[in-house]
Amino acid sequence: MTGPIVVINPNSNQAVTDGLEQALAAFRCGVGIDCVTLSEGPFGIESQYHVEQVALPLAALVKSRADASAFVIACYSDPGLDLCRATATVPVFGIQESGVLTALARGDRFGVLAIAEASIPRHLRYLRRMGVIDRLAGERALNMSVDESARGEGTFDRLVEVGHALISDGADVLILGCAGMARHRAALEAKLHRPVIDPAQAAVAMALGAVLNG
Amino acid sequence: MTGPIVVINPNSNQAVTDGLEQALAAFRCGVGIDCVTLSEGPFGIESQYHVEQVALPLAALVKSRADASAFVIACYSDPGLDLCRATATVPVFGIQESGVLTALARGDRFGVLAIAEASIPRHLRYLRRMGVIDRLAGERALNMSVDESARGEGTFDRLVEVGHALISDGADVLILGCAGMARHRAALEAKLHRPVIDPAQAAVAMALGAVLNG
Amino acid sequence: MTGPIVVINPNSNQAVTDGLEQALAAFRCGVGIDCVTLSEGPFGIESQYHVEQVALPLAALVKSRADASAFVIACYSDPGLDLCRATATVPVFGIQESGVLTALARGDRFGVLAIAEASIPRHLRYLRRMGVIDRLAGERALNMSVDESARGEGTFDRLVEVGHALISDGADVLILGCAGMARHRAALEAKLHRPVIDPAQAAVAMALGAVLNG
Amino acid sequence: MTGPIVVINPNSNQAVTDGLEQALAAFRCGVGIDCVTLSEGPFGIESQYHVEQVALPLAALVKSRADASAFVIACYSDPGLDLCRATATVPVFGIQESGVLTALARGDRFGVLAIAEASIPRHLRYLRRMGVIDRLAGERALNMSVDESARGEGTFDRLVEVGHALISDGADVLILGCAGMARHRAALEAKLHRPVIDPAQAAVAMALGAVLNG
Amino acid sequence: MTGPIVVINPNSNQAVTDGLEQALAAFRCGVGIDCVTLSEGPFGIESQYHVEQVALPLAALVKSRADASAFVIACYSDPGLDLCRATATVPVFGIQESGVLTALARGDRFGVLAIAEASIPRHLRYLRRMGVIDRLAGERALNMSVDESARGEGTFDRLVEVGHALISDGADVLILGCAGMARHRAALEAKLHRPVIDPAQAAVAMALGAVLNG
Amino acid sequence: MTGPIVVINPNSNQAVTDGLEQALAAFRCGVGIDCVTLSEGPFGIESQYHVEQVALPLAALVKSRADASAFVIACYSDPGLDLCRATATVPVFGIQESGVLTALARGDRFGVLAIAEASIPRHLRYLRRMGVIDRLAGERALNMSVDESARGEGTFDRLVEVGHALISDGADVLILGCAGMARHRAALEAKLHRPVIDPAQAAVAMALGAVLNG
């Protein structure tokens, strides 16, 4: 029997994991989806230190789940992705990578709604590493904490505002640059008249592709 | 209720459609998958003329299926993709585009197993258009007809041979450059010790991602 | 004796063909230039549907003109270009491709004066496919119909306005993104103090190069 | 009355200028073509020193020909091109630049038949500067002097041999990387079944485009 | 004994050479640094003509200094760099090239403070030739003469103003686009809170690396 | 008084640190150079796990050395570079990054002599991230352990052999892809007649540039 897709929330904020459960519920088909919290993770991954801090614990978790058919690292910085891939014997997906690749199938130039200004240079380096920077229209920050963005009232209005700015930059598809904003996806798409990609959903869909292809 | 993902085989070779049925069976989860044959299509899409010839019929078919939640154009040349996207109100996926994007999540540089030499320049143009050419290790042809490759005995041996050549070119992930070779995917992956992507499965997984994200 | 360069207007607006006659008159040297209208074409090529619709008729026309020494497809979307090349035994030039390549010999970064907003993503995909996107300063739309732009009074003023915006984007050479604006070329060049490329003239010059090199 | 296109041979080898006369004879239509020798030039331009040495004399010659409607610098290193452009009030074309741009309209990936190994890095830098390196299949040297290649018996056989190697590299269009090989163009094209571009003819065709567009 | 690094000011403005002496004083360690003025140079290098004019004299100077362990061409246009490299038997560094490469180790995207608008297209061509254009955030001009910028009172205020604009463009490291502004480096860095690269210091550091690696 | 440049060997092999001491001795000018061993490091950094394992300890060491004027991370994988940069208040250099940037000032296309096959995809990702992949001629592995390569007899012969292969790939400058091979640099350069870059020396030279520019 095929094992579950294990979706790891690398921060220790259980509300984010719960949000993932909800966002990914519909994808439980033929194969289970386990959403787990990395207990060693910081409350939010908001700095380069946070990104690096979780790499080894993520790899340990990956190693311990020999039952998994695939893994998803559910943080937009794709922390520990290279190491988890070197560790696992099954496919591992990062949500930034999957979100961007999925956006490339939905529009010509993509825009990213980042949580914080500070992460944008890190993301740009990553897009160059991916070799897809010619398709970027722009990346703009909400300037909220991960926790705020997951709970806050004003989040949707801010998403609409920044989304419009990205459309002016030339984006015809948008990516939510965070694991915890899936509940805004459909409404934002309706409001902006452009596809909006939730990166965790994109990664789980790719994981399904790798698992159901038997 | 969510409508089916409609997978269109743009050639009129029913054996290819039957192969798609089989390759995509496991992906029928939560949402239906209709594999249909474009009756106006040529027996195989093997030239630029064939590619262009099916664009309008594909768009007409897309228009007629108002029940679909997403479309997949299941020919590696992605015929009529731009037009079907302009026609449909739901997402449309091409299997070359989806196969390549999926490969980018499974390895650093990809190799493509094309059916025929003559299609390689067309594919290279497409990869440049996608903005991902820096990730290409190489594309090499089996030099078989679509029909042969779908039925022929020697196909697997030829896939292994060309696969090894692509690995020597630097590929660490391979793409089957045709809609009709899914039944060789798992065995080829086992033989070459590298991920092998079936592009129709990749496209349907992406379509699931777009449909189940409600 | 060398046959004529056959310039095909893929839309059925005879005024556009007449404009081509005039714009290309000076290029009739050593070899004839036949400007013909594709009778099956729509009145203007303003959508992806129009682009695809003319591909097969264009190839049929190309096939029927065995006397031609070269062909020019005179619509800025370069419809049917790949197919006409696969069909013809003589060189075939698209005016977008030729216009852009010619601009690269006249300035460092080019700007495109598109007719309609909606065609810009299609053009950007094409520039990436050409592998020359690093030389693009910007593309901006006049937001007129092809017919309006060919006849309208306000066209020149709008060209000047959008031209200035492109110069601000960094363009030091401009391309008229339409087959029907040649009569504004010289005046626009004088007004903006930057080379202005008429793409049909650029394509015919390249065709001359291919025909007179015997 | 429109002045002539002035084609400057930057080396002092009159045989090269005579070859240009012959290669460009058919392009004398509507406008004159003056082929002139730069008397200050070296006998052949075969080193970086030769390239730089002719820049100022070329600009002086350009300045002295106020009657010209356009200039062509007829050496594949495009010596002094930036300076001549800064000096002239009419368009100036380099034959490497024009040859490469023209090849991009005739095939998907181009190959260059260079005279000497030593010039290849200089050409690669130039292709990167042009922003078109993704279209290069390869550049390979004949390893002859300019003078030898212009006169030598074995030149054609060597062109065929190196041309085949470039086709193996993936080239579907070839460029003669020298001003003095036009007389082999047609025969080489016939032999290799691929378009072969003479760069001086390509540049003069572009110059015609700029001059006849009035 | 290791010979000196010879730093050549290609213009004849002795004040610029004196400024280089001062800016490079701290780098005299283990090896001497000779700052010399190219007597044949123009008072400032402000046009393409100036750039080309100094190439041969620079190479002659390089040839005459057989004692040098390395050369630095201290003008931001890197005049004569290719020729000096072909002439010298020791490493030759250009300050634009070295400044840009050094900036790439200090930030993700760089901004350039050019002296004059007119030199920006020349610099962009050079960055494409270097193959690093994807790292450019922007280049903006002070619009001063070299002499003014070296002496003028308002220079620092203008540097701050243009520096802020480049930071808005996305630059997180800045390059002084001129050999004569080193005395503003530290203050500008302190004011803008971003690394500021003096290109002559960057080139001399690279030269030290090539000389002290014995 | 200016503090020392702290060069950190991230593996715990003291012989490598001793080799760095020797290779960098000549660079002690005006400012001290402290070569230190990361005691928490593995004996050699030969896997993705080793790379990630040292990131936090490296940052801790960086934090503890408030006296440093700059840091160099002396392992060719540039482990922990982003984190050390986020942690330090002074410039931090990685030797892969510095080695590659320095090579770009010494030749047109560079070749890398990697220690192990397995690290090549990691390096290619890094070169894409740097945005300089168009300048890569090739990377080839010695297929030795770090320890072997530092001590082994056959190392030089293998360097020559792989160096020749890279020159055939088109490299005109070579980079030693390891911190521990500086003692072969000069001999290899003499043998291959091409510049050979030791990446630790390159990084220290860049660090000098950042420190002595006061």
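Every chain is named by a letter (A, B, C, D, E and F) in the order it is written, and numbering of its residues begins at 1.
Going forward, contacts are C-beta pairs under 8 Å (C-beta built on N, C-alpha and C of every residue); 3 or more make two chains touch, one makes a residue touch a chain.
Composition by chain, UniProt nomenclature: A, B, C, D, E, F = Asp/Glu racemase.
Given the structure is predicted, the values throughout are model-derived calculations rather than measurements.
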Once the contact rule is applied, which chains count as partners of both chain E (Asp/Glu racemase) and chain F (Asp/Glu racemase)? A, D
Could you work out which pair in E-F, A-E or D-E copies the interface of B-C, where over half of the contact pairs coincide by residue number? D-E
Inter-chain centre distance, chain D (Asp/Glu racemase) versus chain F (Asp/Glu racemase) - centres from mean C-alpha coordinates, in Å: 43
CA centre of chain A (Asp/Glu racemase) versus CA centre of chain F (Asp/Glu racemase): separation in Å? 33
Measuring from the mean C-alpha position of chain B (Asp/Glu racemase) to the mean C-alpha position of chain E (Asp/Glu racemase), what distance in angstrom results? 52
Residues touching two or more other chains, restricted to chain C (Asp/Glu racemase): which are they? 125, 128, 130-131, 134
In graph terms, with chains as vertices and touches as edges, which category applies: line, ring, star, complete, or other? other
Which pairs of chains touch each other in this structure? A-B, A-C, A-E, A-F, B-C, B-D, B-F, C-D, C-E, D-E, D-F, E-F
Report the residues of chain D (Asp/Glu racemase) in contact with chain C (Asp/Glu racemase) in the complex, numbered from low to high. 23, 26-27, 29-30, 91, 93-94, 97-98, 101-102, 104-106, 130-132, 134-135, 182, 185-186, 195, 198, 201-202, 204-206, 208-210, 212-214
So, in the complex, the side of chain D (Asp/Glu racemase) touching chain B (Asp/Glu racemase) is made of residues 108-109, 134, 172
Residues of chain A (Asp/Glu racemase) touching chain F (Asp/Glu racemase) in the complex: 47-49, 51-53, 55-56, 59, 80, 82-83, 85-87, 122, 125-126, 128-131
Touching residues (chain side chain C (Asp/Glu racemase), partner chain A (Asp/Glu racemase)) in the complex: 121, 124-125, 128, 133
